[in-house]
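To start, the structure itself, in structure tokens.
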């Protein structure tokens, strides 16, 4: 059984955001799946998806601090600069962090660890709405 | 055909560890799958999974050396510090390296390259047992 | 329905290369799939797969520039040096960027965003032919 849908995530400020609930709200179908996987794919090259700690907000702000140091906007060696200082750095962060997640499904829910949540990592200053394709492969 | 199971990996010291055999030992079912994929997912935010060189142990120790330089524990800009100097850095390494792997299955085995092995990357000083969900989607 | 095949990518120079068309040329079967996912897996530990911007070639050259600074070949702390200065750095880049992609399939095509393309990231100076396993799980 395969279920696929495209959803739009509400615009987020630059930074790392917990979106587990927002994803769940778009997936009433998940309840019907006994065993399977969910593939969550972002159709953009300047925002990323990851799984990380779902409790302390400073983990998310420390992530933003760290990745801004790792991929500095004031680097002088980039040639792709026409779209702003936050563009090439966003592409690089996207390749480091990744465009998709696969999460196991067990008894109608994401089978995440106690401390795991789904993050949208918005790398642009003004990223706008982000489109996500979710594909569920599972059995009832 | 979907097979899903939760396994526990034995506690590992901080560093990069080859776990291909340990995973195989938990998966006698693999022999029955002619074609498919295996999703291997770690339910933690301070240890990661990757695939890399399976022969020379210095590849694994060089990985540990490199990632400790990439995400330095003596950085003064982290706010999430209550759980120890190896905690926020572990979350960052987890987001860089990743929480899950998908490996093709062909004729009852992981279809890995000659030099590829599965690594558990233990980022904490004392990580303990790590829980893994394996989901196989395949055909006999 | 599961389709799996091994393909060989033509040798590429060191750097980041757009391979969306080369992958499509190997996948006439894709047209038959209404909904599903494609798993693209590289059987090597010194070349990677990612998805990123498919238009401006300077994005790809900036990626190469950036990753060479991130993982410097003149570092003196590596022990795995017998296979050349570009070997251990290639393994690290592979673990940062990743060995596999999952792409949603919708109506016989990869459901990528307008600006997304598939990259082969060749980290070795002379990487040669690269073997890829593609596994499609889908419904007609």
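Per-chain numbering from 1; labels A, B and C assigned in written order.
In the analysis below, a contact is a pair of C-beta atoms (placed from the backbone, for glycine too) under 8 Å apart; a residue touches a chain by one contact, two chains touch by 3 or more.
Quantities reported herein were computed from a predicted structural model and do not represent experimental measurements.
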{"item": "Chains contacting each of chain A and chain B, listed by label", "value": "C"}
{"item": "Numbering shared by both copies at the chain C-chain B contact, with half separating same from different", "value": "different"}
{"item": "Inter-chain centre distance, chain B versus chain C - centres from mean C-alpha coordinates, in Å", "value": "20"}
{"item": "Sites on chain C at which at least two other chains make contact", "value": "70, 96, 98, 102, 137"}
{"item": "Complex contacts: residues of chain B adjacent to chain A", "value": "2, 4, 39, 41-45, 70-71, 75, 77-80, 88, 91-92, 94-96, 98-100, 102, 131, 133, 135, 137"}
{"item": "Touch list for chain C against partner chain A, complex", "value": "35-37, 50-53, 56, 58-59, 61-63, 65-66, 69-70, 96-98, 101-104, 106, 111-116, 119, 137-139"}
